[in-house]
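After the structure tokens below, expect a handful of questions from me.
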Amino acid sequence: MARIQIQTADFDIQAEHDRLRAAGGVGAVVLFTGLVRDFNRDQAAGAPPVDTLSLQHYPGMTERLLAEIVTEAKARWGIRDVTVIHRVGDLAPGDQIVLVGVSAAHRQEAFAAAEFLMDYLKTRATFWKRVGAAGRQQWVDMHDVDRAAASRWDGDE
Amino acid sequence: MARIQIQTADFDIQAEHDRLRAAGGVGAVVLFTGLVRDFNRDQAAGAPPVDTLSLQHYPGMTERLLAEIVTEAKARWGIRDVTVIHRVGDLAPGDQIVLVGVSAAHRQEAFAAAEFLMDYLKTRATFWKRVGAAGRQQWVDMHDVDRAAASRWDGDE
Amino acid sequence: MLRILFFGRLGDIAGCESRDLPYDGAIATVAVLRDRLGAGNEALARALAEPQVMVAVNQQLVDWDCSLQQGDEIAFLPPVTGG
Amino acid sequence: MLRILFFGRLGDIAGCESRDLPYDGAIATVAVLRDRLGAGNEALARALAEPQVMVAVNQQLVDWDCSLQQGDEIAFLPPVTGG
């Protein structure tokens, strides 16, 4: 089972948790939520804080890539259910932007699959962020730390 | 900040998520929920399924140990907020039993701290599970896999 | 006709997020298309030549020597930044 | 008086989850207490001697040579299984 959604609307943590928990034989649910922060990882000291964030994606291709990533996670770990929801469009600081949820019999599988999904989503799925700060719009660069995080899963492919 | 609770009552995922999200500068929230499964890891084939689970703990000492584990997680990772809730008393299959939640600026810290908390909680905190299957009560043994999971954090102490 | 899509900052540099280009047999590969798009826009030529830029034909990632056909959708993708 | 607590399966084997024992100076250490508790109950003696059993005095984990005082709370703890 899997639920993959790309949407402008916000998502409901309780409803997603309930859905993941409903799969049979579940002993562990891991829910990851990404939020729009009011600062950037590599932001220069004294730079104005981010006040808008806009998410572009490649309709069709994004859905296909997310389905591939979910299929890969299910092949690697014995997991019961997976949810991936990614918002697009205009967001504000503090907004929920992405949810990855995994239910499994045991916590190790649930944690590993959720981290894998986030690492691959960050480095493979066709989303692009643009932030606005003090009226100036700027496309966000991919973080080296995300590339490193994703590459740790390559060894056992 | 931290919220540590030992209680017989169930807990509310949405309320706990809201609380973790409310800390300043949060970019990532990881919520782990453990559920009572209807089977045991090492259960013999054909054994009757677990129908009751009862949790004993050492009042006072448990709270102190959980506070120590949370303090250690906060010293290791730059995290914004932590929640640990563990239920005690009688539970049924499918019930929520434990919640560990972490909010942080970045997902790596949130995931690592949540896994660390669960590994240490499983191997250090003074809880004992007793399961009932087909009318027979039995204390649960510690899983070797949990001991191994906890020991992976020892290297950098 | 070829349908061409520019994502992320490539759209800013190209001046559009999408455009159509009449197909002709001389656009044998994606690399040829990239060079043709860059011919009139030096900033775009530089941006498309960056090693981290990827290309998809009909929503599948391909190598730069992938051949093109009438009606193809070609998307130029800078490093992704979702999540 | 010493307050003695048995957790998990140790409670089943001891036949109680807690008991009080008059303190006397001869119970110099936790190990001595363990031996005295096991004297009348061979199954309990074996269970308390298992290497994975831990002991806490006044809710702090201690070594078996920890000395005891009047009024101490001593808890015998099998491997924990929470979470």
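Letters are used for the chains, namely A, B, C and D, taken in the order the chains are written, and counting of residues starts over at 1 for each.
Here is the rule we use: contacts are C-beta pairs under 8 Å (C-beta built on N, C-alpha and C of every residue); 3 or more make two chains touch, one makes a residue touch a chain.
In this text, all values refer to a predicted model and were calculated from it rather than measured experimentally.
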| item | value |
| --- | --- |
| Number of hops, chain A to chain D, where each hop joins two touching chains | 2 |
| Separation of chain B from chain C, taking each centre as the mean of its C-alpha atoms, in whole Å | 49 |
| Distance from chain D to chain B - Cα centre to Cα centre, in angstrom | 26 |
| Distance between the centres, which are taken as Cα means, of chain D and chain C, whole angstrom | 74 |
| Distance between chain centroids, defined by C-alpha means - chain A, chain B (Å) | 23 |
| Overlap residues in chain D, where contacts from two or more other chains coincide | none |
| Residues of chain A whose C-beta touches two or more other chains | 34, 118 |
| Interchain contacts, given as pairs of chains that touch | A-B, A-C, B-D |
| Interfacial residue positions of chain A with respect to chain C in the complex | 34, 55-58, 60-61, 64, 86, 97-98, 118, 121-130, 139-142, 146 |
| Contacting residues of chain B [partner chain A, same complex] | 12-14, 17, 21, 25-39, 41, 94, 105-108, 110-111, 114-115, 118, 145, 149 |
| Chain B-touching residues of chain D, taken from the complex the two chains share | 5, 7-9, 12, 52, 56, 59, 75, 77-83 |
